[in-house]
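Chains: A, B, C, D and E, in written order; residue numbering restarts at 1 for each.
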Amino acid sequence: MIVECALYRNGEKVALDCPRDDVAAVRAAGTESGDFTWVGLYEPPSEELEKVAEVFTLHPLAVEDALSAHQRPKLEQFGDVLLLCLKTLWYVDAADAVETGEVSVFVGPDFVLSVRHGQGAELQSARHALEDQAKVLAHGPFSVLYAVVDRIVDEYNQVATGLEEDVTEVEASVFSDQRRDDTNRIYVLKRELQEMRRAVYPLREPLRRLATSSVPGMSERSAPFFRDVADNLNLVADTVEGLESLLSSAFDAHLARISVQQNEDMRKISAGAALVVVPTLIAGIYGMNFTHMPELEWAFGYPMALGLMLASALGLIVLFKRSGWL
Amino acid sequence: MIVECALYRNGEKVALDCPRDDVAAVRAAGTESGDFTWVGLYEPPSEELEKVAEVFTLHPLAVEDALSAHQRPKLEQFGDVLLLCLKTLWYVDAADAVETGEVSVFVGPDFVLSVRHGQGAELQSARHALEDQAKVLAHGPFSVLYAVVDRIVDEYNQVATGLEEDVTEVEASVFSDQRRDDTNRIYVLKRELQEMRRAVYPLREPLRRLATSSVPGMSERSAPFFRDVADNLNLVADTVEGLESLLSSAFDAHLARISVQQNEDMRKISAGAALVVVPTLIAGIYGMNFTHMPELEWAFGYPMALGLMLASALGLIVLFKRSGWL
Amino acid sequence: MIVECALYRNGEKVALDCPRDDVAAVRAAGTESGDFTWVGLYEPPSEELEKVAEVFTLHPLAVEDALSAHQRPKLEQFGDVLLLCLKTLWYVDAADAVETGEVSVFVGPDFVLSVRHGQGAELQSARHALEDQAKVLAHGPFSVLYAVVDRIVDEYNQVATGLEEDVTEVEASVFSDQRRDDTNRIYVLKRELQEMRRAVYPLREPLRRLATSSVPGMSERSAPFFRDVADNLNLVADTVEGLESLLSSAFDAHLARISVQQNEDMRKISAGAALVVVPTLIAGIYGMNFTHMPELEWAFGYPMALGLMLASALGLIVLFKRSGWL
Amino acid sequence: MIVECALYRNGEKVALDCPRDDVAAVRAAGTESGDFTWVGLYEPPSEELEKVAEVFTLHPLAVEDALSAHQRPKLEQFGDVLLLCLKTLWYVDAADAVETGEVSVFVGPDFVLSVRHGQGAELQSARHALEDQAKVLAHGPFSVLYAVVDRIVDEYNQVATGLEEDVTEVEASVFSDQRRDDTNRIYVLKRELQEMRRAVYPLREPLRRLATSSVPGMSERSAPFFRDVADNLNLVADTVEGLESLLSSAFDAHLARISVQQNEDMRKISAGAALVVVPTLIAGIYGMNFTHMPELEWAFGYPMALGLMLASALGLIVLFKRSGWL
Amino acid sequence: MIVECALYRNGEKVALDCPRDDVAAVRAAGTESGDFTWVGLYEPPSEELEKVAEVFTLHPLAVEDALSAHQRPKLEQFGDVLLLCLKTLWYVDAADAVETGEVSVFVGPDFVLSVRHGQGAELQSARHALEDQAKVLAHGPFSVLYAVVDRIVDEYNQVATGLEEDVTEVEASVFSDQRRDDTNRIYVLKRELQEMRRAVYPLREPLRRLATSSVPGMSERSAPFFRDVADNLNLVADTVEGLESLLSSAFDAHLARISVQQNEDMRKISAGAALVVVPTLIAGIYGMNFTHMPELEWAFGYPMALGLMLASALGLIVLFKRSGWL
């Protein structure tokens, strides 16, 4: 689906008559130097993408990359066209899960083509925000690339924040006094962090190259903007790494607490058993059938025996408490 | 065994009279510039390979590499002949196992010689697919190398998918409520991933060199194709790494769940014991032989004692449930 | 808030009439070559910082970095202005916790602007200390940068010392004979070390660049000073790494000791049970109702039975001690 | 001990009259260009080595290296003499142990001197094998270096195979149903792998240098031979790494199985206890002394009680089986 | 304290009249080219060091480094003076502990100044040994640096040997049959190895630079000597790394053995319990009060019951042994 297709001149959108779908016409309207077309596609079917690709004469292998949506984040040069593939991430609160999509951006001398897969990273608002910054937009196609990447990395940040909260919850659960098995939750979080890592880490090198303007066709003026995004990305990467390490520690702590609890439970059980077993021995003794057992004849023999049982139990409780066993 | 031997001109197969086995004749028929011979061998005996090697005057050490089939993936230059050794992988569903074979490809100025060991990576279909793409085939011998490597890396992908399913099954088993020892299965999967890693990782550097055309005799036009394969390989490598890390986490989770379960079992056992031990104490008390035990004379003494036992058991059950012990 | 604003000439503070807030006036007073202005801001509101930034014509993206206070430590060049962002750390004894703030320092040809967030790294005293070293101050704006960084890295050192003490306490606790669960404490310390690592590690590269004078506008004479600070920072980084590794070992040891203790407890429990169970068996035997049990008629049958119980218990104790079970 | 000393010319051994011990005379006989002397020493006493060293004017520090036999594998240049130190490894089947020795090879323009310590890597057969390959031997002193290194790396391969078998045995033992403590065996294997790693890993860099002919005095023609050895060495290094990782996994699996077994044992024990404890309670009940217990008077009271005990035991067994407890 | 101060000429010590404390006079006596002064200080107070520093016009920051004795090993250039800081290590047998000190060596064109802190690395004997090697000493100040570093690295070797013995002892203890908690000992050894690592690892880069003569003012002739020391240092580093890895494995093995032992203990306990519990059930049965229990009337009823108890116990023992439970 063609979400939007517009022509920009000196940082301003040019009002055109031709329909949004007629990409060739929009491009043809860009007659002045510095004009550029920005086309936004959302999950285009193969033929639609190929039609647009034809307008901008894109390399077939590049078009395939944009279609398949199972790419590693990467930056590639095909002639004078640059292709940046990146993953989009969004956090689904209901499921405490991280979902992934993909965006491919083609940057040519006089056009930008973005192809989005999945629900994340709604780019329309990024477009409007950029249209309000005529000065930045005037930098040309790379300003669009900046706007798109900036938006996506911003969303990484939000996802990281969501995961940070999840990790904090897990920590609280691990160190709470309740018996809970946090194993599954920790495992699921590790998986999500791994998912995130796969989006974030391979994007660092492409952004580094953009931030140092070591990309043909990009003006020096745009570099500080990409440097800013690269800084943000590095922060996200640090967060991911930190969370992974915290999660490992939390898991270890979880294991340690299971052991500690098992030990405590075992001590409680054995103490409880002692309280019953010793009286049972006393009852056994007075159940013996010896002819000569003076206590059996005593008027208070029975209460005495019961008292002995109680005393032994109480004595054991005191002993356990004192020795630190309980 | 010589599987196939053909001459290609301008991306087309040249119809020849000479028998498939007469490699020298096929080569000799390639009289125009750009012609090249493609020979495919399958587990050739030493003499057969040497005969073919003589036709193309291959270096003896290179021939030895192609024979032994216990090579690390590598790219080597012998004069103007390039040798790429790679492992083939295939997934045997019956055994949930990954099997490995080996393919060596010699690329000379006017010939390609592929030597295959093991059942994986049936190259005949790759040949036919390539023959349908005259434009690519016209790139010369390197297009054949591309077709072979592309096919093999595609198969890596399939194996990775198979292993991903296995890991998902292990995850489900680890977090199921049933008592299962997944240790062995996790161990076997780790071994297979290690096998896979040995095929995939060392191939990255050779492919990087091909993708950046830093190989003598290769035309610039072929680079994007190898770049595509290198991307795929990196994806596979990422998957392998991700699965290894997931498997480690799954194993840790398995260990944690054993501990948790042991703790729960211990609590169940001790609760069960308490239900029996306390009534035994009561029975012991009324089995004592004191002369003066009023309850013994009571008409309802016996039912009372039984009731007491039952009540103690029920009381303990309630207590255990409330305290979170069970 | 503008904490201080002064003009320096040849290592001396120039007495000026204009108010501390009038940064532009102070700067304008610096008419001689080598003069420079040093402005210190503390958590400035957005407008205040922008006003000052205008005086020195700072890049908007750089100003944003100094405002947001959630930066990774970094060194960036904006035209002829250098921006160094670093984290401040301080140890709160009451909470055994490490807190973090942030300092951004802009170094221009004739000015230094420092922006501080959070309570750590009180820079006013660093200023006074530097004002006493006219010779160093005469190096120009970079001497101020040195003074600020030196102060902050000094505080890192103090924090590291505080954490070293905490780790020593944890070690003592782990290897003490008391039953304590150190899991939580170890976890919290790991978190703090991670926090510290995030401040210290990314600062090493910027300091390395300053120490090797690979920064435009900096005089060679200042390099040894930054080299000194870089050495200190490396020491801190080593300490952090060492503590992390010690903490991991301490955690492992903690786990091992839980296991050892559980084993000992289990042996104690079973020995205790044996002391009760064997006498119970004896009591059970003499509670049997056989017509012909000679011991029952014996005058000393009862004391004999009690003696047997005692003897069995003592015998078991001796046995356990000898076999190393207790 | 001087094992051998011979002069080679054009790939052939030159028949000489002088005794094997007279190294100087043998060298002096090498009057044509390309002639070279090959001296083989086995655990020479200090004086003997020094005498030979004098003939070839070796650097004193290099001679010391060859004497001490506690060197890291390394390649060093002393003037126009190259010194390669490497470890020899051999597998002692009786002890399942890896033993290490050392070989130092000096390569000069017209001589090769090999000094061997320990029993491994019998070089005499390598010499004979090389003498049969006149073409290779004609490459000069470096062909001898190749022959020696090739032999030693071949032995690494054999040792690796031996260790692979040991690891397979350990795996089988870990996953067998028998109760065995494989801890010690795994530990010993780890030690041997570490020993092997110390021989193999540091040798990779020297061999890489030889394989890329980045060594003065070596002819380009020899490079492919060293490349071959380097490939073999890399294979061995991969095997060592793989075995280390497998061994770690096997150890983890061993730990997991101990836990699983402990849990199963605990369940078996508690089930066994239940089978005894419940009948004991029944016996206790009918051992109570109440006046009014109708069952006691029944003619079949006693068999009924025994039947009740049996029934309870059987019922529990059925219950345990059904609930998956056993 | 000034331990020694002497002038050397052509590898010989020059006999001088002036007192050992008068460093300036000794230096002034060195009038010929190649003469150099060697001053050795031991824990000098601040003023003493500064006085000596003034004689050789050392950089204040360098002097500070030599005073504080809390430096990372490093090699630094201050003008034409080189400063090498290194840690000294020595093994205190009584405490099985590694102690650390520090040595700083200043190497100028015509002087060497060594400053030692702590008891390790007595340098006086290194001086005497060097004075006996006139040929080496004649290399100038760098020969002294070599002698000092060689001595210190030699002591690293001795410490490493001491730690190797400790690790061997720990191994023996872990795999002995006695119940011992080696946790603490392993932890302490890890700490010492960490201490050692901090001395050894950062020294490798400085030594590499000296070994490759990439240090201004050093003659090529000295390089092989530093290469020798660098080799030794690498050996020590390998040993440290190997011991750390062994210690980790030993700790894991220790944990595994605790688990195995716990399992065995648990089985022994439950077997012991079974031997008592089954006879108790038998006693309970014959303690029942049924009117009709024929065995009770039997003349040999009582011995039969006792025999039954014994038989059950023996039967269980046989059963346990056969099933591999014990």
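By definition in this document, contacts are C-beta pairs under 8 Å (C-beta built on N, C-alpha and C of every residue); 3 or more make two chains touch, one makes a residue touch a chain.
Since the model is a prediction, treat every value here as computed from it, not as a measurement.
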Any idea if chain A and chain B meet via the same residues, over half in common, or different ones?
-> different
Cα centroid separation, chain B vs chain E, in Å, comes to 43
Could you give the separation in Å between the centres of chain B and chain D, each centre being the mean of its C-alpha atoms?
-> 26
Among chain E residues, those touching two or more other chains are 255, 259, 262, 266, 273, 277, 280, 284, 287-289, 293
Examine which chains touch each other and state the graph shape they make (line, ring, star, complete, other).
-> ring
Mind sorting the chains in ring order for me, with chain A at the start and chain C directly after?
-> A, C, E, D, B
Within their complex, state which residues of chain C touch chain E.
-> 171, 175, 224-225, 227-228, 231, 234-235, 238, 242, 245-246, 249-250, 252-253, 255-257, 259-260, 262-263, 266-267, 270, 273-274, 277-278, 280-281, 284-285, 287-293, 324
Contacting residues of chain E [partner chain C, same complex] = 59, 61, 64-65, 70-72, 74, 76, 78, 178-179, 181, 183-184, 186-187, 190-191, 194, 198, 251, 254-255, 258-259, 261-262, 265-266, 269, 272-273, 276-277, 279-280, 283-284, 286-289, 293, 295-302, 305-306, 309
